[in-house]
Structures are given as structure tokens and as C-alpha cells.
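Sending over a structure as C-alpha cells; questions will come in a sec.
Note that the chains take the letters A, B, C and D in the order they are written out, and that residue 1 is the start of every chain.
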Amino acid sequence: MIALLKRDLRLAIRAGGGFGLGVAFFLILCALVPFGVGPDTSALQPIAAGILWLGALLACLLSLDRIFALDHEDGSLDLLATSPLPLEGAVAVKALAHWITTGLPLIVAAPLFGILLHLPTAAIPSLLTSLLLGTPALSMLGAFGAAVTVGLRRGGLLLSLLVLPLYIPTLIFGTEMIRRGQEGGATATPLLFLAGITAGVLALVPFAAAAALRVNLR
Amino acid sequence: MIELGKYAGAVLGAYGVSLALLGGLIWQTLAANARARRELEKQERHG
Amino acid sequence: MSIWEYANPVKFMRTSGAVLPWVVAGAAVCTVTGLVWGFSTPDDYRQGSTVKIVFLHVPAAMMAINIWVMMLVTSLIWLIRRHHVSALAAKAAAPIGAVMTVIGLITGAVWGQPMWGTWWEWDPRLTSFLILLLFYIGYIALWSAVEDPDSAADLTGVLCLVGSVFALLSRYAVFFWNQGLHQGASLSVQSGERMSAVYRYPLYLTMLGFGLLFLSLLLVRTRTEIRRRRLAALQAREMRA
Amino acid sequence: MSLLAVHDLAVARGGLRTVEGISFSLAAGQALILRGPNGIGKTTLLRTVAGLQPPVTGRIEMAEDAVAYAAHADGLKGALTLTENLHFWAQVFGGGDVAGALAAMDLAALADRPAAALSAGQKRRLGLARLVVSRRPLWVLDEPTVSLDAASVSRFADMVRGHLGQGGAALIATHIDLGLDARVLDLTPFRARAAPAARPAGFNEAFA
């Protein structure tokens, strides 16, 4: 399993853009928003939390189809399925690799982009916590969507169509948490929900994703 | 004739759109069924 | 032939063909009577004539949810028992459910406009229905995207399972996110003001009518799917022979 | 001792039976060559034996985690070097000697090159070297000699012979003569009949 994680990370670095691309997309999005809504703090501050989460979500979506598609094309997926690794474990590891290459850089960059969007400094701890708790679920659900669409010719569009509705609860609790942090309210409830969703997703979705993958391999 | 008052547009609009949608669904269902039946019968007669 | 103990489309075709006329007649009678009766009810003292929309809105919304539940059950039957007709029934139900959801949304919006002063309100109930519509669209899109019929049935089954959990989760998340303008469930017994009998009986009738309407559409669409599969199988055999 | 036993197997591709009624067994040190015209279902049969798809009917008896499968795609990453590629699969399969496997397919000189720089034949050789590091007793090979030159083919045959000598077995679909002391199974007589069968092979066939 560790070998698989190492290989995926190494590939993300070697192939170029694995780490940087998502963050660059995130930056562009945050830079474009003020052009759309105007530079005033009064316009930007209320929507900053939402933009940051939406940006993270879309940046995550960009690289989802690569989780399995490349391995499917070159036959690695067949070999992984015949290997002693349980396919559920391989799915979880690949989602983890996706999270390390896209989720983690986004979390590191998020406070900077928060400043661009006039997010008050008081909200930055809750921004970081919410992303840290929420983005693993995004990667795991994305891996499920990628597993379902792996053999399809025009899977990319379908992938977004299938995965985005699954992101709604995480998005709601994530932004709610930042908003409460911004207003100095209690963030415990959305935090617990967010953590609960992520824990449930990490525990159960690998099985669904592996089942979908087996169907697509036969 | 039933008097609908000032909301006549809203009520008639809601009924109109809903019935049109249902009608479309029913039409599509029947058309697809008729086509499937026709093609299957043709196939069974030949083969 | 022993093939029928594996999946029994012949028996399904025979039985569904026999009951179909009765179901269709029942659906037509109940829906038309219920809607006409509902249309002729007196105006509500607060909502005026818009109250008549309830006879479309509530049955459609109810069916939108029930159809998803039915799809979940048939998907599970397919995944566990490999009953082929079951998978096709789930496929056949999805577009009906999507149309019901759209009707629920549109009538809700038209109703909300005079009541709340806006066409669209991000009210938790309306929002949950919008999310449900997204799940229906994803499910239908996946069916049409996968070419191999076995894979399509399996993948949509798994999607329906995961989607159900998330549709439910989204519903609670949405309530958390925005407490709404929407009135409580129209028929709930606990709520203080119960709907008066004038509206209640025609509403029951339209609900029954929509249920039967769904059943008849479902039967016809499943029959269509079975015929298509049979045609495809016969053609494939012919190609090889 | 028998490494693989197949009883009355029927397999399907795209919901249609391709071959049926296949029975054979492979003991340690034996190889079986599959022959047959294009499209008869050699690949499908091999994928079924490898456990990638379920059989329509019949039984496959073998030890768990016994198969090393190699098909048209080699499962190589162009961005990784030859050693890294093999090392990864060695770790996944809990296997062994990367350098030895590279030497066996005459790739030792290229060990630190990225796999993207290899020619088609060299990639193929790397894909076959993977079989050695996987240390699985049963090799299931689908047209292993595609894009190999004559020298490489004989080197590959030596590799298979060595594997058989160490108590392994191989099931190979190929059209060329590898010079192995192997039985040949021609699939042509096993082509599935168009007549309806007891169990549907695919979704649509359940409705025919």
C-alpha cells in the first residue's frame, strides 16, 4: 500500500502540474471573483467563505478523472486488481494520494487567498479546520465517481455531474463553519457534522468505489 | 366557470405546465413502447 | 426453460399486460376526478385560489420521493438477487421521478411567487428537491452513458445506493443551512391547523391518482425496456449464427 | 500437484458466450498454449482465469493469489525509470529480485532510463520482466511476444522454461512457436453455440 502511495506521489511530481495545477486554478478563481463582484470589502467579505470552498471543490474536481483513468489505460489497474492488495485498500490509497497532491496544497494556500478576499483573520482558524476536515471526503467521493466513470469515453463531464451533488453536505457544513467563525459564533456543531461526514465517507465509500471498479474491469 | 381571482395566471400556469409535462412524459412513454413493440415484432417475424 | 428461474420476464410481460388496462383506467379516473374536484374547491381565505395548486404540488412531490425509494429497493434487489426485470424497473422509473420532481419544483415556484413574493426561494424543502433532481439527472445520465448492459445495471445500482445516503444527508444539511418559509408537511397530523376536509379528500384522490399514474407509466416503460433487450439479444444471436 | 484446474468453463464477452465446455488442468512445470482464430475468446478466457471477470458457468480451481497476468498493456509508467517500475510491482506482489529480472530480459543497461524512452519491444520486455518479480507460480500471458524480435522471443522462451523448471506453470495465448515443450489447446471446437443456454451470459440474453 505504501508502495502504491509512493508511486502515485512520485508520478504526480514527475508528470508536472500534479501539485501546482490545482492551486493555480484556485488562485485564478480567487483573483477573478473581485472582477465579477467589485473590489469592496463589503461585497467580498460575506462571500469569501463560499468562494474559498467552491474554489477548493472545483480545483479538486479538475484532477479527479486522473485517479483511475491513467492506470486503466496502461493496464496497471488490471494488475492491481490481480495483486494481493485488496482493491478497497488500493482505492483508499489512491484517494489519499489525490488528497495529498490537491487537497493539502489548497489548505496551505487557502489563508493567503482568504486575505485576497478580505476574509477576517479571526475566521482563518475555522477556514483551515473546515478544509482540513472536509477535503478528505471530497477526494474519497471523487475516487468513487472516478471509479464509476473509469471506462467511459466521455467520462469527464459525467464525473462532475455525479460527484458534485455528493459534495453538497460537505460544502454546506464547511462554509457554515467559516461563517460562524467569522461572526465569532460557536463552530462546534458544523465541525462535528463535517467530521462525521468525512469519517463516514472514508469508512464506507472505498467499498462502493471498489465494487464499481470491479464492474468496470470485467 | 370557476372564478380564480387575481391569482388566475399563477393557478392556470401551474396546471398548464404540469399537465404539459405529464402529457409529454406519457406521449414519450407510449411512443417508445410502440416503437419497441414494432421492431421486436419485425425481428421475430424475420428471424 | 430454466432460464426463467433466473429472471422471469415472460411472466412479468404476461402479468403486467393483464393488469395494465385496469391500472391505466384507475389512474385516469382518480387523477382526472381528483384534479377537477380539486379545481372546483372554494378559495382559501388566506391563499386565495392558489390553494388549488396543492392538488398538483403535493402528489408530485410525494411521488418524487417515493419513486426514488422504489428505485433504491429495485436496485438492491438487482444487486443482491440479480433479478434482471428489477434493474430495468429502476431504469424505467427514473425519468418519471425526474418529471415528478420538476412538477413539484415548478408548482412550488408558481405557488411561492404570490405567497412569498418571489419565484425562487432557497427554502430547505425546495432546495432538497432541487438536489433530488440533480441525483435523478446523474442516475439517468449514467444509464445512458454505459454501453455494456450488465455494467450499466451494476454501476447505476451502486450509484443509487450511495446517492440515497447523500440525498438524505443533503436534506438534513439543507435544513441546518436555512430554516425555511415553507409550511410544514401539508398533511401532517401534529401540525395545529389541519387542512380542512374540503381540500383533504380531493387531495387524497389525486395522490392515489398520481400513484396509479406512476404505476401504469412504470409498467409500460419496463415493458418497453424488456422488448428492447429481447430485440438486442435476438439481433446479437442473428449476427453470430 | 495441479496449480490450475478448469472444469466445463464458459466465458462471455459483451453479454455473449464466446467459448464453452472448456476443461483442462495445469500441473507444476507444465505450460499450455491456447490457439484459435481472432475473436474466439482467448483474451476473455485468460481474463476469467486471472479473476478479472466471473465465468458464466463452470469452475476454476487454484490457490489464492497464484496468478501473474500480462496482457497487451504492460502497466508501465513512462515517468518512472525501469527499476522504479519493477520495484513498485515487486513491492505490490511481495516479490523479489528486480536486477535479476532486468538482466533476464537484457534490460540491465537501461535500468535508470525513464520507461517513456523505451521502444515498443523494450517496453514489452519490461512488462514480461514484471512476471519474474511478481513471484507468482501461474503465469497467464496474452500474446506475450507482440513486438518482440527473434532474439527477444528466444530469451522470453528461456525465461518461461526457467519458470517452469522452478515448479511454475504458464497459460499462454500465442500464435508463434515458442519452442516450449507444451500442450496446445485449440479453442475452435469449443466455440459457443448460438442456441439458448441454461444460464444467460449477459443482461440482454436474459430476455431472449
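Some observations on this one:
Just so it is clear, a residue touches a chain if its C-beta (ideal position, glycine included) is under 8 Å from a C-beta of that chain, and two chains touch if they have at least 3 such contacts.
In this text, all values refer to a predicted model and were calculated from it rather than measured experimentally.
Of all chains shown, the one whose average CA position lies nearest the global CA mean is A.
Compared with chain A, the chain whose C-alpha mean position is the greatest distance off is B.
With centres set at the average Cα position, the gap from chain A to chain B is 41 Å.
Distance from the chain A centre to the chain D centre is 37 Å, each centre being the mean of its Cα atoms. If each chain is reduced to the centroid of its CA atoms, chain A and chain C end up 32 Å from each other.
Work out the mean CA point of chain B and of chain C, and you get 15 Å between them. In chain D, no residue touches two or more other chains. For chain B, residues touching at least two other chains: there are none.
With touch defined as above, residues shared between interfaces to two or more other chains in chain C number as follows: 150, 230, 234, 237. Contacts between chains, counted with the stated touch criterion, involve the pairs A-C, A-D, B-C, C-D.
Here chain D touches chain C in the complex through residues 14-16, 194, 196, 198-200, 202-208, going by the rule given at the top.
Listing the residues of chain B that touch chain C in their complex gives 2-8, 10-11, 13-15, 17-18, 21-22, 24-26, 28-30, 32-33, 36-37, 39-40, 43-44, 47. For chain D in complex with chain A, the residues that touch the partner chain are 47, 50-54, 65, 67-69, 71-77, 79-80, 84, 88-89, 91-94, 130. Chain A makes touch with chain D in their complex at residues 3-4, 6-7, 10-11, 14-15, 71, 73-76, 78-85, 217-218. If you check the complex, the residues on chain A that touch chain C are 144, 148-149, 151-152, 154-155, 158, 161-162, 164-166, 168-169, 172-173, 176, 189-190, 193, 197, 205, 208, 211-212, 215-216, 218.
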